[in-house]
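In what follows, structures are represented as structure tokens.
Consider the two complexes below, in which chain A is the common component and chain B and chain C are the respective partners.
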Partner chain A sequence: MTLGRFLLGRLIALVVTLLLASLAVYGALYLAPGTPISFLTRGRTVTPEELAAIKARYFLDEGFLSQYGHWIAGVLHGDFGTSIIGKAPVLSLLGGRALNTFMLVAFASIIILVIGLTVGITAGLKRGWLDRTLMVGATGAMAIPAFVAAIVLVLIFAVNLRWFPVFGAGDSLSDRLYHLVLPGVALALASVAYVARLTRAAVRTEADSDHVQTAVSRGLPRGAVISRHVLRNAMIPIVTVAGLTIGSLIAGAVVIEQVFQLNGLGSYLVQAVGQKDFPVVQAIVLILVAVFIVLNTVVDVLYAVLDPRISAGRQAA
Partner chain B sequence: MSALLEVDGVTVTLPVAGMQQPVLRDISFTLGQGEALGLVGESGSGKSMTARAIGRLLPPGAQCEGRISFDGDDVLAFDRNALRRYRTNGVAMIFQDPRASINPVRRVGDFLTEALCTNGGLKQDVANDRAADLLDAVGIDDPRRRMRQYPHQLSGGMLQRVMIAAALLIDPRLILADEPTTALDVTTQAEVMAILDTLRRERGVSMLFITHDLELAAAVCDRTAVMYAGSLVEEQRSLNLDSDPLHPYTAALVQARPDITFTHDRLLAIPGRPLSAFEAPAGCAFGPRCPHSEPACAEAVPPLLTVDTGRSRCRRLPQLRGTMGQKSAEWL
Partner chain C sequence: MSILAVQSASPEPVEMPTSSAGRRHRVGVGTWIALGILVFFMLVALFGPLLVSTDPSSISLMDSFGPPQPGHPLGFDGEGRDLFARLVYGARSSMLGPILVVLISTLLGGSIALSAAWIGGAYDAVVARVIDALFAFPGLLLAILAVSLVGPGLLAASIALSIGYTPYVARIIRSAALQERSLPYVSALTVQGLGGTSVVLRHILPNVSGIIVAAATLSYGYALIDLAALSFIGLGVQPPASDWGVMVANGIPGLLQGYPQASLYASACIVLVVGAVNFLGDRLTEAAEGGR
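Moving on to the complex of A and B:
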């Protein structure tokens, strides 16, 4: 009942945020130096007839909000416009690239969740040298930017050891995954360390908490204490941070795709910005922002599911 | 009758800055079946640590010497299984702050029945019935609804009743109650205390009751032990604490207490500040603050003297007995 109202509230907030974000994305075009006309004509001198045709096609004679209205109406129907450079519908240009980026981010997310949580939980539960070693390693890994990690990984595992390809996306599914190992690790490295450190802190806080002491004092087996009380409660901050970290991978993917020549949304975005192909830029930025916002909402909802104090509100006796 | 709990010469040290520092020194007392012993003293005097030592809940790195025996078994020698059995139906703990001591993300019903189902192997619905009955007994209306709620939906007083019900549910032989009413307001305190006291007596459960409140201890406990700086300084029948204190520290505590029948300009305070066990000087720990101390008091830790009505760690007790109980006339 209250959870339903909470979900409805989150859903409305999601839609409003998406609309505002789309307005900002569209408006950003006007903040860039130069006019839309100069982007569209690419600096060439054009005849007045051509100019009028371009203006009519992009509704440039109408006000900003009206232009935005035409664009967002198209977007809602799955029409992101036509690429100025590619001369093809933006959506058709994005499809395969989106899949590449999705696979990269998904691969990195799995690494982050599996290794980050394992390391964090182990370090949180075992005090002593193992905990200290893992945390020193994590602190070091956190300080390595993705582009440095990418270059070092390529140097060691692709150039010297020749275990993995230097760049490219691969063909078959297994080949693709094989090609994703180095980019995935490079993208995940700092986040793995971050999630591991946070997980350790959350686990340690719960393990030392009064309610866990109560559980111990009641003679519950160690496994039950850890799963029902320590991990169950530590999940609340962990889900939040892991979710937001995965969201931020979308931005990190831009750099990694450039380094590894993965033909994904990130590298296409960089290319489109360079070519001032603004329908493509708008579409990619909107997609990335939308994914980030949706992920945030999912985290919010999960948070409420995990922590009854969030959604249930005040019903105290 | 042999005692249910025997604590004999228990000394606990904790690692502080790389050194093992004492927090409890040579604690000895016994507790019979169905008996209640109050444990009073200032913060940091070692009351909670004593309960933790008995419940085998000392912090990591703590070292515990001496002997604690429960129903004849050596508690400090328990292996993992024996310890679980001991906690399953031997000893139950009630903590000070119910809001912190009950998992906030699990339902009240889960908290109550968890030990029964996991350790006792009871079916969930049987455990639910028993939990509901006991919630009723501790004065919670509509127990089934409360069991479906989360801890944050209950008041502090209600949560402490839940905690008491959870402790009694396992049919323990001993309850270690660590300041169970300190986090509650005064009216709720009285209600909760009365419920704990009544149910404990009905079931013949022994209790070690830790509190700052001398009167509360006297009201619910047959005997009261007073702790100072990690040592037990006095132990006797609760009724006599006021009139016939056996240690200058107890006498000073009694005098420092406000009295509702007189108006004081100023409350009497004990000069100096309370010491931790590891700060305690050689000889009598209370010596530096004691109005009756003499050089010989600082020479050696006084032994626990047994007198007709109790025990005391004051070496001057024979001379001082009977003169410590009265309040100074100038304050009246």
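Moving on to the complex of A and C:
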């Protein structure tokens, strides 16, 4: 019952946050210098018909909230407007690119979870030189921005060793995965280090805790202690941070797609900013923000499922 | 790992490797090195351009990818511009730009956090929910949105980035201020008739200042990366002006031809500074938490 109410609360919070975020993305139009209409048509000669079309599309003759209402209603029906440059519905321009971005982020997430957790758990359980070496490496890796990692990887593995292609997205599925190796690693690197450090800290805290010492002193096998007492409890903070970290990949993907010319949402966003194609900018920012907020909620819910105290505690609070 | 230790519910906290109770007042070699790197690059950013007379934007195709020579210690990039001068001039925007982000987000986040922790009730609940919802929101996206509105450049992007960082800062300060608020001395001060503003500003604020400095230091590193990334994708500092992010991007064609110097030198500067800042931020966090 408490979990049900907790989920309902999170769902309501999710909808409110999404609405506020979309309001901010839409309202950004009014923060631009000049009037919205001059901003939307900036630097271009438009025919009176096009002007009328933009006015009608953005309902610029009505009040702000009413404009927003029309816009968000359109968005909910999959209508993100028309690209000023591409002269096509924005949604039709996003489809394939969204898949490229999704594959990149998913690939990087897998790297983060597999390597970050392995390194973190190893370092957390084994004290000594291995732990120290891994943590020094992780601390160093956290200082490497994704774009720096990208050019260094390109230099070593594409230019010098020629193991991987420099640019492009590839054609078939296996070819695409092959093309994703360097971008995926570059995007994941700093997050792998972060998740590893956090995992180590969480595992170490649990391993040192009283209940684990009790379990050990009662003679439970080491494997059972680690899996049921250490990892189960350590997973709670790890899931949260890993989830948030994967959310932050969404922004990192913008930069990485640009380096490797992957033609995803991120590189299209940068291109649209350069071409002053605001409907496309608005749509991509809104989609990325929405994905981020939904991901955050999923992490929050997962947190409550893993740790029943959370939903119960919030209930009482 | 004796049973005795488990049974006697010892009041001492379990010893954890990261808690620095014993090391708190000892400043390690690493801290000095990190501080040295940071101070060095700060000085370069502030005074370097006054001392280096070579024009970082002067193009000389004769020297394209030229090796180091007297007066040009690092050689030249693809356009024959002096790499050393470009690094030094690039330090300005790369090092000083993030300071604005740190100032705005710390002021904004600090005010929100302290007021929420003090006022409490529904206000605090709303603030906490909003912070949670926006926590770790990619500030880079906000910065790109801002650039799309006012055009390329660092100012609008920095302000947008600050707004993106505010929840991160506010969350850390709020939790520290809440702990502080629950301590007996705060009620003692209140009972003595001290107003809320003076309790917060003159007593709670100084006591959470360690945490604030630690959070500000860490966010400086993130801001440096985000602003450099923005310049790297062409939405921040505009060529021919020099910036480390711009240098990394401009160096890519050379890197593919076997002349990676421009990209690598600028990358090394970024990694050194961010590494030093992260290290200091971690130590400051430990010190602040150990001292609480």
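Everything that follows uses one rule, which is that the second predicted complex is superposed on the first by the 294 of 317 C-alpha atoms of A that agree within 3 Å, B and C clash if a C-alpha of one lies under 4 Å from a C-alpha of the other, contacts with A are read in each partner's own complex, and residues count from 1 in each chain.
In this section, a residue touches a chain if its C-beta (ideal position, glycine included) is under 8 Å from a C-beta of that chain, and two chains touch if they have at least 3 such contacts.
Here the structure is a predicted model, which is why all the values come from computation and not from measurement.
Student: Touch test for A:255: chain B only (first), chain C only (second), both, or neither?
Tutor: second
Student: For A:82, select first, second, both or neither according to whether it touches chain B, chain C, the two together, or no partner.
Tutor: In the superposed model, A:82 contacts neither chain B nor chain C.
Student: Is A:247 touching the first partner chain B, the second partner chain C, both, or neither of them?
Tutor: In the superposition, A:247 touches chain C alone.
Student: In the superposed arrangement, does A:118 touch chain B (first), chain C (second), both or neither?
Tutor: neither
Student: Given the touch rule stated above, what does A:229 touch, chain B (first), chain C (second), both, or neither?
Tutor: first
Student: Just checking: does A:147 make contact with chain B only, chain C only, both, or neither of them? Give me first, second, both or neither.
Tutor: In the superposed model, A:147 contacts chain C only, not chain B.
Student: So which one touches more of the residues on chain A, chain B or chain C?
Tutor: Partner touching more chain A residues in the overlay: C.
Student: First (chain B), second (chain C), both or neither: which does A:263 touch?
Tutor: neither
Student: With the two complexes superposed on chain A, say which partner A:210 touches: chain B (first), chain C (second), both, or neither.
Tutor: It touches chain B and chain C both.
Student: Where on chain A do the contacts with chain B and the contacts with chain C coincide?
Tutor: On chain A, the residues that contact chain B in one structure and chain C in the other are 209-210, 213-214, 216-217.
Student: Over in the complex, which chain A residues touch chain C? Could you list them?
Tutor: Interface residues on chain A, with respect to chain C: 13, 17, 25, 28-29, 31-33, 39, 139-140, 142-148, 151-152, 154-155, 159, 166, 201, 204-205, 208-210, 213-214, 216-217, 244, 247-248, 250-252, 254-255, 258-259, 269-270, 272-274, 276, 278, 281, 285, 288-289, 292-293, 296, 300.
Student: Tell me, which parts of chain A touch chain B in their complex?
Tutor: Interface residues on chain A, with respect to chain B: 127, 209-221, 224, 228-229, 232-233, 236, 306-309, 312, 315-317.
Student: Which bits of chain C are touching chain A when the two form their complex?
Tutor: Per the stated touch rule, the residues are 1-3, 5-6, 14-18, 129, 132-133, 135-141, 144-150, 221, 225, 228-229, 232-235, 245, 248-249, 251-252, 255-256, 258, 260, 263-264, 267, 270-271, 274-275, 278-279, 282.
Student: Using the touch definition up top, name the residues of chain B that touch chain A in the complex.
Tutor: 55, 57, 60, 83-88, 92-93, 95, 97, 100-106, 114-115, 118-119, 149-150, 152-155, 158, 166, 170
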